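We call the chains A, B and C, going by the order they appear; numbering starts again at 1 in every chain.
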Amino acid sequence: MEEKMAIIEAIVFASESPLTAERIAEMIPDAQKRDISAILQRLVQEHDARGGGFRLAEVAGGFQFRTREDMAPWIRKLKATRPSMLSPAAIETLAVVAYRQPLVKSEIDRIRGVDASGALKGLLEKKLVRIVGRKDVPGKPIIYGTTRKFLEVFNLRDLSELPTLRELKDLQE
Amino acid sequence: MSYEIKLDIFEGPLDLLLYLIRKNEIDIYNIPIALITEQYLAYLDMMRSLNLDLAGEYLVLAATLIHIKSRLLLPPAEDEESGEEGQDPRAELVRQLLEYQTFKEAALSLEARPLLDRDVFSRGATAEDQAVAEEEDEGEIEIGVFELVQAFRRIIAGLDPSDDLVIDTDRMSLTERINEIMERLTESRQLTFTELLGARTDRKGIVYTFLAILELMKLRMIKAYQSGPFGPIRLFLAVEE
Amino acid sequence: MEEKMAIIEAIVFASESPLTAERIAEMIPDAQKRDISAILQRLVQEHDARGGGFRLAEVAGGFQFRTREDMAPWIRKLKATRPSMLSPAAIETLAVVAYRQPLVKSEIDRIRGVDASGALKGLLEKKLVRIVGRKDVPGKPIIYGTTRKFLEVFNLRDLSELPTLRELKDLQE
């Protein structure tokens, strides 16, 4: 393997969170962001072609090695602890925030028909939702949005990877 | 009874209503309000008899259903004055239900994604990683404003409640002004009240600037002099750097 | 890649500590320890032949993916450019300064119940806290406040955008 490609692979492998081409470019002095992006894409293809137990995934605007989805039953055996799951109320609230962000709490309450305080606090603590700012209306209510960690946990490259509300609506017909 | 199993898994009144609509195989655009209201109220009764916590929102929707029912009993409105063609009283509720249903679908599609630490896993942290993490202070975390206000609440929870701890956006606006004034005074050594005001000639701007100056004088951080009645007020840092 | 090999690769990749063939055999019911050892050896060779940024290393009686030794300088760069984070003590101190500013150090110590010197120094170095001025009382104590960078880091237009205690309390319900 070409040296620059091996270096990029090593850096991505060693990182604990997804790395963007920009951040990698900061570490390799004579590299262009464009070249790095191209190399990352080649690495994605190479690992997919290998068909090994893990692949290079594109998440949260960056790249991270992750196990193949169909390997999950085996990894769960390895990790004795069960991952902490989100309650249905939390996932509903998260869905509303993800699709309607930036938005205020009263909007979440209105859509779900119940008070979202508890669910919202849990999502803030799990760092899946964050405070974005305040809305410029009387009372200056807090505006919420999703975080980078939301993209990481839900394996999303960016928000546009979510199906649109229209697509979801058509699904119900 | 299948009822009991269902009760605690409703996410709210809209969820309960959607369940009843599905159970009765009803067309959501043409809800038989009398039937649904009756079943909805029966569920509320059951929840109450089981001493389940009934959120206020359930009662609000009950009232809405009863209201719609009574309006449907009236002859079609002849609202010629308003020019409206007697809208279906169910329209708003249907719109709300459809919107909620779409987000329930969105929640399902989120849940079905390959989740980190459930379906996909990143490289296990090695001993080296942990060594590096420990080097840089015990357990560092990335934070946002939510973590900040939580930390503040934790700390003051143990304090004497008589402490003046009222924090609101007005107080923070004043703090913002105090910081600005100190910054400008550090640069220019002395300023008049008018110079400090600058373009802030609205009532709020003037009030905050004045309050900030009073606060800074009380804290003995600045000194103010006035050459005579109605003369310009000159402000200085209390302690020269 | 053969399925069993991919499974073993995924398990080793996701594990936090080096894994032995015995441990892996416990997770794969119909596998012999001997087969697993052979597959691990083939994986070692395959990754060495690829010449990528990481390899499968035999350490402490087990197997673990590690970056190549000659990649160490790059990995150090990665660790050095980690987004700066704050310790719990620093967050607490920053919270007190943010909400109670302008204030003197003795006031921070009193509210936190411990000496804040270390945390305060770190925050001054990170330019999240600054010296606002001095108080004209005996000892001329230093008065602290937050900086413009604090607003930038926390994505705030001004201090009045900070969430209030009441707003936090409203979420507890």
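The rule we apply is simple: a contact is a pair of C-beta atoms (placed from the backbone, for glycine too) under 8 Å apart; a residue touches a chain by one contact, two chains touch by 3 or more.
As the structure is a computational prediction, the values presented were derived from the model and not from experiment.
Colleague: Is the number of contacting C-beta pairs greater for A-B or for B-C?
Modeller: Here the pair linked by more C-beta pairs in contact is B-C.
Colleague: Which one chain sits nearest the middle, judging by mean Cα positions?
Modeller: Chain nearest the overall C-alpha centroid, as shown: A.
Colleague: Based on the averaged CA atom positions, which chain is farthest from chain C?
Modeller: Relative to chain C, the chain whose C-alpha centre sits farthest away is B.
Colleague: Which whole number of Å gives the spacing of the CA centres of chain A and chain C?
Modeller: Taking the mean C-alpha position of each chain, the two centres sit 17 Å apart.
Colleague: Centre to centre, by mean C-alpha position, how many angstrom separate chain A and chain B?
Modeller: Here the centre of chain B sits 23 Å away from the centre of chain A.
Colleague: Starting from the mean Cα coordinates of chain B and chain C, work out the distance between those two points in Å.
Modeller: 29
Colleague: Hunt down the residues of chain B that sit against at least two other chains at once, touch-wise.
Modeller: Chain B, residues with two or more chain partners: 121-123, 125, 142, 144-146, 169.
Colleague: Please list all residues of chain C that touch 2 or more other chains.
Modeller: 13-15, 65, 155-156, 160-161, 163, 167
Colleague: Of all residues in chain C, which touch chain A in the complex?
Modeller: It is residues 1, 5-15, 27-28, 50-54, 65, 67-68, 71, 74-75, 77-78, 81, 155-157, 160-161, 163, 167, 170-173 of chain C that touch chain A.
Colleague: Residues of chain A touching chain B in their complex?
Modeller: Spelled out, the residues of chain A in touch with chain B are 13, 16, 54, 57, 64-69, 72, 75, 79, 83, 85-86, 88-89, 91-92, 94-96, 98-99, 111-115, 124-125, 127, 130-131, 134, 140, 147, 152-156, 162-163, 165, 168-169, 171-172.
Colleague: Mind pulling up the chain B residues that touch chain C in the complex?
Modeller: Listed in rising order, the residues of chain B that touch chain C are 121-127, 132, 136-156, 158-159, 165, 167-170, 172-173, 175-176, 178-179, 182, 185-186, 216, 219-223, 237-239, 241.
Colleague: Over in the complex, which chain B residues touch chain A? Could you list them?
Modeller: Touching chain A: residues 9, 11-15, 55, 57, 61, 96, 98-107, 109-111, 113-123, 125, 129, 142, 144-146, 169 of chain B.
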